[in-house]
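One structure, pasted below without further comment.
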Amino acid sequence: MTQPVLDVSNLSMRFGGLAAIDNLSFTARGDHITAIIGPNGAGKTTVFNCLTGFYRPTGGSVRVTHDNGKQFQLERMAGFEIARKARVLRTFQNIRLFAGMTALENLLVAQHTELMRASWYSVAGLLGLKPYEKATRTAMERARYWLDRVGLTAQANNPAGSLSYGLQRKLEIARAMCANPVFLCLDEPAAGLNPREDQELVEILLELKREHNIAIILIEHDMGVVMHISDHIVVLDHGACIADGTPAEIRANEKVIKAYLGQDDSEEDG
Amino acid sequence: MARGLSLAALRDAAAAGIVAGLLALPLLGFRLLDSAQGLSLGYRLSWVFYAVIGVFLGRLVLNLIGAKWAARPRSTHHNAAMARFTPSASQSEYIAGWAMIAIAFVLPFLPFVDRNVVDRMTLVLIYVMLGTGLNIVVGLAGLLDLGYVAFYAVGAYSYALLALNFDLSFWICLPLAGIFAAAFGVLLGFPVLRLRGDYLAIVTLGFGEIVRVILINWQSLTGGPNGLVGIPRPSFFGLEFRAGAGGFADVFGLAFSPAQRIYFLYYLILALALITIAFVQRVRSLPIGRAWEALREDEIACRSLGLNPTTIKLSAFALGAAFAGFAGSFFATRQGFISPESFSFIESAIILAIVVLGGMGSQIGIVLAAVLLVGLPEWFRDLQQYRMLAFGGAMVLIMLWRPQGLLSRRTPTAKLAEAGSS
Amino acid sequence: MLEIRDLRSGYGLIEVLQGISLRVETGEIATLIGANGAGKTTLLMTLSGQPRARNGSIVFDGKDITHTPMHNLVRLGIAHVPEGRHIFPRMTVLENLQLGAFACDPKNFADDLDFALTLFPQLESRMAQRGGTLSGGEQQMLAIGRGLMSRPRLLLLDEPSLGLAPLIVRQVFDTIRLINRERKTTILLVEQNAFQALKLSDKAYVMVNGAITLSGTGAELLGNSEVQAAYMEGGLAQTVPA
Amino acid sequence: MEFLSRACAGGAGIDYFLQQLVNGVTLGAIYGLIAIGYTMVYGIIGMINFAHGDIYMIGAFISLVGFLLMSALGITSVPIAIAGVLLFAMIFTAVYGWTVERVAYRPLRGAPRLAPLISAIGVSIVLQNYVQLAQGARVKPLQPMVQGGFTFSPGGEFHVTISILQIMIVLLTLSLMAGFTYLIQKTPLGRAQRATEQDRTMAALLGVDVDRTISATFVIGASLAAVAGLMVTLYYGVIDFYLGFVAGIKAFTAAVLGGIGSLPGAMLGGLLIGLIEAFWSGYCSIAYKDVAVFGVLVLVLIFRPTGLLGRPEVEKV
């Protein structure tokens, strides 16, 4: 049994003449939390969109290897197949929940593929047959588990859109988890969270990695979060990789300080 | 304060009066008279005066009555937006639903109900069925379909053609008509479902028109503008509703009455409508139903979770079309005669209005809206040429009155018991 | 300059602001900090008239503006740079700036444009580019620049640092200070980045669940242990690279 | 292309082709003018103004009344009469446009998306029946006012006729088009419109009176529809109360085909639809010309989902 691996090699994405990603290569290991950081407009979200099939890259390849050795070339797959087969799931910068549906329903939708199969494409569901009932119970169990984990059980029957911002972020992560990911891509999960919520998020992410063996790739501006939890950081600027290494290496990297972090201001700012 | 208010009310009413005058002047103030010499102009400027006075007074009264009402905090927008987040009162709706079904069953035996009422209710039930079917597409899956009448037409014509040409019975033709309509749904849906929102709306609208144009012009098959006549009526397990030996009345030892067929048709459509409603209620809480709603809420999120939008949309389209097909075959057998005239855009508009007014997803709302939009106007046939004017006006007023629909609560499809219901 | 008394507002059945009172004096930078969902943005939006105030009053320069329509506020001298920047994506940078001066005398346009460009020289080379193609940082600069085009006496800034890289955040805060000093513009700033915001503000308010719970000078709050615990040290947000 | 050449070979010559071209361009100009109304309203409030086709029909009726008024007033000069009617129709039709917005759209600002669509369909039904009741259901004829034209004989026996009316229609459309493009691109009203379109709240924060800007959009759309109504009255010489529905659908199709929200797109879409109709009627069958129009629409949308000149929607995720 090997670790799952996500291999990005020579990835390019152009819009018209503009290169949003330029020949980018990096590897995300299955036992790592990988952070992608960089200035605004560096192409971070574009990378995610290429990984999850929302954009078709103009060049290069993205390969996912599961622990059973199965390989997937993501750049050749439709978005929904990537989630379904290669099991690369994502969240969005500006939260995309099914706002009018309850938190619980959001988590059930994430298990659509399995439930659909169990309902024999609705036939067994309509007739109320045993296998479908059983699958529904399993799905409810899984949903309940994740609601518990992110502290949303009490709000399970409330519409997702009525939850507070922080809870919505967590629900989105729980929803992705219900879809059974191997790789989980989080797009600015800490944006708009207050410090207490930040802390909770960090705990959830570390738990995902530790207890559920989920490989996490995240985009984040909050250096506190990034430096605290990542094993591996990729720094982008103008669509290209300017640094790649451990948090300690990145923090000391001249190029990164110049393009992104700015001069070390810890003594001035306290 | 009160004085300032009435002055403002007066000014507003005067403005409304002036606008009414400007609106009325060219089209009410002058009349285009046809004659042998060609067109000439008639004058009836007094009408303009009446319009101005009427609107002025009407607006004034409204302003004075409504002053207090209008002074309430204006938060309608937000209420509309938040309506979907209010908790569901499923209990009372549940009771109301069963009560309505009970009334529907005993309706023909109620003292004040005659054949005409039953006949009108039959029509209402056709629209309930159509509304329920379209609700899958528009209310649940969020696909704006402005050409739903096309599937209704496909159902009606396939029923008529099958029955006329192959002598098949109602009970064979009905499912076939549904299947044909669903196939049409898939056929149309396949190329266009990638389109978003209003692009889909215009293409479906166009499709509805195309079907009508084909019905009018394919003389050899559809009879052209004259339509198809002599469509066989349904029978009660082989017993026809006719006078004489072997008819329904004869076998059951009843005196023959044409009303028997009307009552039979009523119960037939009631059964069809109930099956449709039960089916949709059930399917809504299946994975496919939840996927439709998820798709309506956010297609991108759906894709990111491994749902294939195309197949999900197609299934909604096909199912919606199938129900329109069933309703169409019932319509054909009830009328005994169909022509393209019955399948114009206005029908699509009425069905859509029923869904939207019903509250996008509320079954009881759809029933109420169908009664309101289809049942009531039938009682106002006496208004004759003013009927459609009143109908259009009512459509506007009802939407202004309840933009979010009559009943817009959404009942969750699954609940977690320990979360309680807040 | 701005006085808010017992302001209540919200969306639908939810009352977000539960009786807010605060004052902003002429020429100062006042900051409102608080957790997400506390109602900071709702407060600024209520000042601008959407949602409408349900109770209480807003007085600007001695004039009651509680019920003034949104589009008239800019003519009174209030500019609101909302959360999320709200650049017109399909208009050029120049057109965005022109719209900033929409309600103003066109003869001031050249001067105001000059000022905006001295603050944000990066924008100069992008004048013909569409707003939507700018990077997040540039958009924020454009948003502030556009807000200044109407020569406001009061500038409402909502989360100007949200979603920006650390390097840019610093630049934005420097500019805010500069605007206040150079133009004597009064500023009401809403920020999550409590630390940076408090450092430059004359007065600050802490908002929790739609109510003001604490107020004082920026320095006072900066030193307040409660504030530190809740908005700075508790999280990792302020952990600057060491 | 193949069926065209076959049709040409089958009797109709190059002059027939050119004649259809001229007719198609004229028709396209009319569709284009109506389409602009759809596209502008769609741009600014993101909704199909379902009553727009009927506004165009109202414009045609008001024009007809205007012509009869002119002759009743004793104005015999055709250019003055046309200019007068143009003004008359634009003003009074604009009032209708304004009223539609006020009644069916403004109270529903912020309501669920489909509510205004239904109320607009209601308004469309009201307008049709109102005109039918006020002016009768019969077709209204107008004797030809602008006569004459030019006949070209590019190659001996070929004849192509371009009437003065056709030239007038195309020129009027082109100049209105130019005028409104300038209005949208360069004037404060245009800027306010585009700002409202892109971000309504922000526009209001910057001092744009959103309600008034939206009203202005409806008024502009309606007055352009009035011009189209006037031209159709002159061109075909007969109008009826049902005129608006089909033309409305086609013009909306034109707007979508060209890329909704784009002014040049609306014009291009109108032109294409006019040409398709003219050629399909000329070479294939009049009965199925609408089928051809929608067929082309579906094809275009499949390959370019946002229309010919619409901005390609980059999915924001």
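Letters are used for the chains, namely A, B, C and D, taken in the order the chains are written, and counting of residues starts over at 1 for each.
FYI, contacts are C-beta pairs under 8 Å (C-beta built on N, C-alpha and C of every residue); 3 or more make two chains touch, one makes a residue touch a chain.
Computed from a prediction, not measured in an experiment: that's the story for all the values here.
**Q** Between chain A and chain D, which partner chains are common?
**A** Chains in contact with chain A as well as chain D: B, C.
**Q** Using mean Cα positions as chain centres, tell me which chain lies farthest from chain A.
**A** Result for max centroid distance from chain A is chain D.
**Q** Tell me which has more C-beta contacts between its two chains, C-D or B-D.
**A** B-D
**Q** Nearest whole angstrom, what separates the Cα centre of chain B from the Cα centre of chain C?
**A** Each chain's C-alpha centroid was found; their separation is 48 Å.
**Q** Using mean CA coordinates as chain centres, what's the chain C-chain D distance in Å?
**A** Computed value for the inter-centroid distance: 44 Å.
**Q** Centre to centre, by mean C-alpha position, how many angstrom separate chain B and chain D?
**A** Between these chains, centre-to-centre, one finds 29 Å.
**Q** Quick check: how many Å separate the C-alpha centres of chain A and chain C?
**A** 32
**Q** Which positions in chain B are in touch with at least two other chains?
**A** As it turns out, chain B has residues touching two or more other chains at 78, 81, 85, 300.
**Q** Provide the list of chain A residues touching at least two other chains, using ranges where the numbers run on.
**A** 54, 92, 96
**Q** Of all residues in chain D, which are in touch with two or more distinct other chains?
**A** 315, 317
**Q** Which residues of chain D touch chain B once you look at their complex with the stated criterion?
**A** Spelled out, the residues of chain D in touch with chain B are 42, 47-48, 58, 61-62, 64-66, 68-69, 72, 88, 92, 95-96, 98-99, 103-104, 107-112, 114-119, 121-136, 138, 140-143, 245, 249, 252-253, 256, 260, 287-288, 290-291, 293-294, 297-298, 301-302, 305-306, 313, 315, 317.
**Q** Flag every residue of chain B that touches chain A in the complex, lowest number first.
**A** 84-85, 279, 282-283, 286-288, 290-291, 293-294, 296-298, 300-309, 410, 412-416, 418-422
**Q** Could you please specify the touching residues of chain C with respect to chain D in the complex?
**A** Interface residues on chain C, with respect to chain D: 48, 50, 69-75, 79-80, 82, 86, 88-91, 95, 98-100, 102-103, 146, 150.
**Q** Name, in rising order, each residue of chain C that touches chain A in their complex.
**A** Residues in contact with chain A: 35-37, 134-138, 162-168, 170, 192, 195, 230-242.
**Q** For the complex, which residues does chain D have touching chain C?
**A** Touching chain C from chain D are residues 188, 191-192, 194-195, 198-199, 201-210, 311.
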